[in-house]
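Each of the two complexes below includes chain A, the first together with chain B, the second together with chain C.
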Partner chain A sequence: MTDMAIETSALAKTYGSKQALEALSLEVPRGEIFGLLGHNGAGKTTTVNILTTLLPASSGTARIAGHDVTTGADRVRRSIGYLPENVHFYDNLTLTENLTFFARLSGVPDPAARIAAALEAVDFTGHGQEKMSSFSKGMRQRAGIAQAILHEPAVLFLDEPTSGLDPQGVAKLREIIISLNQSLGMTVFMNTHLLAEVTKTCTSIGILSSGRLIYQNSVAATLGAFPDQASLEDIYLHIEAGTPS
Partner chain B sequence: MTSLITLCGKELRDLSRNRSVRLLILFLAVVVVLSVLVAAADFRTKTADYTSYLAALKASGGAVNAPPPDLFPLQMLRAGMEYLEIVGSLFAVILGYGLIAKEKNNGTLELLFTRPLARHSFAAGKILAALIIWTAVTAALFAVITAALLIAGNAPLTGTDFIRLIIAAGHTIIYLTLWSLAALALAALTRAPATGLVLALVLWLVVVLVIPQIGDTMDPDNQIPGGLFASLQIDKAHEHAVMANFTGYETSRDLIEQASLTKQYERPLFAWLGIKDQYNQQSPAFVWAGTFNHTLWLLAGFAAAAAAALLAGTRDKLLRKA
Partner chain C sequence: MSPWAAAVGHELRSAGRERLPQLLLMIFIGMSAASAFIGSAAKATVTEVYNSAAGQGLTNAANPFGNVPPLYYARNTVIYILLIGALLAIVIGVQSAMRDRRARTIDLVLTRLLSPAGYLGAKMTGIGLGLLAVLGASALISVVCISAVTGSIPAPDQLLRLLALFGVAWLFLLFFVALGTLSGLHASSYTTALLVPIVIWSVIIFVLPLLGTAAHPVSLLNPVTPPAAPLTGIFALTGSLTGPLSLGEQFKHVAAILLKDPQATGTMTGGITVILAFLAAGISAVVLTGRTSMRKELHD
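Take a look at the complex of A and B:
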C-alpha cells in the first residue's frame, strides 16, 4: 500500500477554451491535514471535484488511497468523505434519517452505531431527531462532517469548510478537523482562502494560481523559509506576486 | 439493489412529508371524489324516481310494464376519470419535476454521487418511488370512489364491475406514472430543471389538451351542441351508414387522436367502465379485443418514459452545472 493518500500527475481540466487546471502534480502523504490555497477561480474546487470523482479530468491521473479516480471510481468513493462548501440535506427528514440514508448508501453495516459515533466525533449529539430545516449554517457544517465520516474514510475532502461561519463556529470546526486527523488518523484535504485558519489547522499547504500549483511544502517549513514575512498571509501574497499569470 | 431500495425509501419518506405534494394529492382526491358524489346523487335520484313511478303505476292498477331507465353505475365515473386524465397528469408532471429539481437545486447530488452508487440506481430509485406513490394514490382514490358508488349512489355493483374498476385503476397508475417519469427525464436532461419543467408542460399541453381537442373538433358529431346526428334525429344505424362514406376522413381523425397518449389511456378506460356506448354492457373479452392495442401503446409510452428517465438520471448528466 502506498504511503500517499493523494497523488496526482499532470492533472488537467479544460472547459472549452478555458484551462481551469494545468498539469497538477501533487503528493499528500497519509495523516496530513493539507490546505490547498488560492484566490477565487484558481482551480481549487475543480481539483476537489476531480479528486472526489464528481468531475472527470481532461488529462493526467489522480489516485486516492491507491485507487485511480477514473478506473477505480467506486473504490475511491468508498475511501473518501466529502463536505461541499454549501452542504445541503433533505430538509423534510431528521438528522438521523439523513445520516441513516447516507450510511446505507455507503454500505455501513451498522448505521445506528456509526451515526452515534460520528455525531460524538463532531460533538453534535442530541440533535438526531431534529429536522434539518431548523439547522443553522454551523450546525449543518457539523452534520455535514458527520455524514462525511460515517463510513470511516481514509481521506476527508472539505471544500471551504469555514465559509460563512461565525468565529465560534470556525474554532469548533478547527477543533473537530484536528481531532479527526489525530484520533482517527484521517488524511484531510481542505480548500480554503482563510489563511489564518490554515496556520492553525493544516500541517502542509499547496498554492494554486490560475490552475497551476506554484508552491507545496509543510506549514512549519514555509513559515521558516520566509523569515521576513510576518504571517502566512504575507507569504502567500509574496509567492503569488512572484508568479507570472 | 440495496442502494435502489434505500433511495426509493428516502424518496417516499421525503414526499410523504412534503406539504406541496400532500396538498396537490388532496386537491386531486377532492375533485375526483366530489364529481363521483354528484353523479352518484343523480343516479340515486333517478333510481328512486323510477321506483316511485313503478309503485304509483302499480297502485293505480296500470298494466303497463315500464322499462327501467338506462342506468349504468360505472358511467358515473366519467367526470372523475376526466379529472384524473387532465388534472392528475398535470400534478404527475409537477411531482416528476420535483423529484429531480430538489436534488439539483439543493445541492444534494454532490453528496449522493460521492457514494458508491451503481450507474442507474439513482434514477431507478426515483422511478420506483413515483410508481409506488401513484399506485398508492390511485388505489386509495378508486377505493373511495367505489365506496361512493355503493353508498352515495346505492349502485348495485357486480363482480365484473369490480374487475373493470381494477383494470381502470391499473391503466390510471401507468398513465400518471408515465407523466411523472417524462417530467423527471426532462428535468434531468436539461441543465436547469426549470427548463425541463417548461418543456414537460409544453409536452403535457400538446398531448393532453391540443391533440385530443383537434380530434374532437374534427368529429362530425361535435359540430352542433347535443350532436349533429341526434339533432337531425338520425339513429345509430343510419349514422354509421352516413359515416361509411367518410372512412378516409375518420381514419385521419383517428390517427391524430391516437398520436396522443392521453387518448391511448382514455379509450380503454372509457371502454372498461362502459362510458363509451359501443362497449357498455359488453363482455370483458369484447372490451379487451377492442382496446388492447391502446393498452399496449400506453405500456409502450410508459416503457419509453422509464427508459428516458433511467438514461437521463445518470451521474454525468445530472452533475452538469446550470
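Take a look at the complex of A and C:
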C-alpha cells in the first residue's frame, strides 16, 4: 500500500480553449489535512472534481489511496468521502432517510449503526428525524460531513467547507475535521479561501494560481520560511504576487 | 441491500411523496373506474333509443348493444391510458429526473458506487414498479366495475385479455416515462422539461396519425377503432411513413385486438414491435446519459 493518499502527475483539464488546470503534480501523504488555496477560478474545484471522479481529466494521472481515478474509479469511490461547496439533500426526506440512502449507495451493510456513528462524530445526534428543509447552513454542513464519512473513507474531500458559516459554525467544523483526522485517521483534502482557518486546521498546503500549482509545503515549514510575513495570508499574497500569470 | 436496490427503493419512496403525480394518479384510477360505467350508460342510452325505434316499428334489426361482451366496458380505458396515463407517465419521468437536479444531490450520488447508467436504470426500474402497481390497481378496479355493470365476473379468458391490455399499457407508458426522464435530464428549466415531452406526445398521438390518415382529430379519440387509411394519394404515402411512428395508433390497434373489437383486423405483432422499439430507444437514451449531462445545473 502506498504512503500517499493522493498523487497526481501532470494532471490537466481544459474546457474548450480555457486551460483550467495545468500539469498539476501533487503528493499528499496519508494522515495529512491538506489545504488547497487559490483565488477564484484558480482550478481548486476542478481539481476536487477530477479527484472525486466527477470530472474526467484532459490528460495526466491521479491516484487516490493507490487507485487510479480513471481505471479504478469504483475503488476510488469506495475510498473517498465528498462534501461539495454547497451541500444539498432531498429536503422532503428526514436526515436519517437521506443518510440511509447515501449509506446504501456506498454499499454500507448496516446503515443504522454507521449513521449513528457518523452523527456522533459530527456531534449531531438527535437530529435524525428532522426534515432537511428545516436545517440551517451550519447544520447542513455537519450533515454533509456525516454523509461523507458514512462508509469510513480513507480520504475526505471538502470543497470550501466553512464557506458561509458564522464564527461558531466555523469553529465547530474545524473541531470536527481535526477530530476525523486524528481519531479516525482520515486524510483530509480541503479547498478553502479562509487562510486563518488553514493555519488552525491544515498540516500542509498547496497554492494554485491560474491552474498551476505554485507552492506546496507543510504549514509549519511555510510559516518558518517566511519570517518577515506576519500571517499565512501575507505569505499567500507574497507567493501569488511572485508568480507570473 | 445493494446500491442498485437502494436507488430503486429511493425512487419509489420519493415518487410516492410528490403531489402532482399523486393527483394525476387519482384522476387516472378514477377514470378507469368510471370507464365501465360510461360504457354501461352508453349501452343503456342506445338500448333505450333502439327500444323506442323498435316499438314504433322503425327497425327490425337486432339491437347492436344487445349482446356486448364484458370487454366492451374497458374500451374507454384505452383512451384514458393514451391521454391521462401518458401525461401521468411524462410528469413522473420529469419529476424523477428533476428531483436530483432541484435538490442538487447528484454529485453526492455520482461519487458513490453506482455508475450513471446503473443509477438511471435503477430510477427507471423504480418508476416501472410503481407504474406496474398503479396499472395493477387500475386493472383490478376495471374488473370490479365490469363485474358490477354486467352482474357477473368476466370469464378467465376475458380476464387474461384485460390483464394483457394493462401489460401492453405498461410498456406503452414506460416509453413516456423515459421521454419525461430524458427531458428532465437535459432541459435547462423545469418548464422546458415538461413542455418538450408534452409536445412530442401530442405529435405522436395526434399529428402523426393525421398525417397518415387525414382523419378528423376527434376520430382519434375513438377508443379502439382505427381511422381508415387511404389507399392512394399523398396520405397513402405519408401514412406509410408515419404509420409505424404513430405509437398511439399502434397501441389502440393492439388494444382493439385484445378487447375483441369486431372492427379490428390483423395481428398484434406489428403494434407490439413498435411499442417495444420505442421503449427500447427511450430507455437506452436515458441510461446512456453521461455524468456531465447529469451534473448540468438547472436555471430556474
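FYI, the second predicted complex is superposed on the first by the 245 of 245 C-alpha atoms of A that agree within 3 Å, B and C clash if a C-alpha of one lies under 4 Å from a C-alpha of the other, contacts with A are read in each partner's own complex, and residues count from 1 in each chain.
Keep in mind that, in the parts below, a residue touches a chain if its C-beta (ideal position, glycine included) is under 8 Å from a C-beta of that chain, and two chains touch if they have at least 3 such contacts.
Please read all numbers here as calculations on a predicted model, not as lab measurements.
Upon superposition of the two complexes on chain A, a steric clash is found between chain B and chain C.
Once the two complexes are laid over each other on the shared chain, residue contacts for A:Thr70 go to neither chain B nor chain C.
Shared-chain residue A:Thr199: touches no atom of chain B or chain C. In the superposition on chain A, contact of A:Gln19 is made with neither chain B nor chain C.
By the touch criterion stated above, A:Gln229 is placed in contact with neither chain B nor chain C. In the superposed model, A:Ser179 lies in contact with neither chain B nor chain C.
By the touch criterion defined above, A:Gln216 reaches neither chain B nor chain C. Chain A uses residues 52-55, 74, 77-78, 80, 82, 84, 86-93, 97, 101-102, 104-107, 147 to touch chain B in one structure and chain C in the other. Chain B meets chain A in the complex at residues 2-3, 6-7, 10, 13-14, 17-18, 106-108, 110-117, 316, 319. Contacts from chain A toward chain C in the complex involve residues 52-55, 74, 77-78, 80, 82, 84, 86-93, 97, 101-102, 104-107, 147. Those residues of chain A lying in contact with chain B across their complex are 52-56, 74-75, 77-78, 80-82, 84, 86-93, 97, 101-102, 104-107, 147. Contact residues on chain C toward chain A in their complex (touch as defined above): 1-3, 5-7, 10, 13-14, 17, 99, 103-105, 107-114, 291-292, 295.
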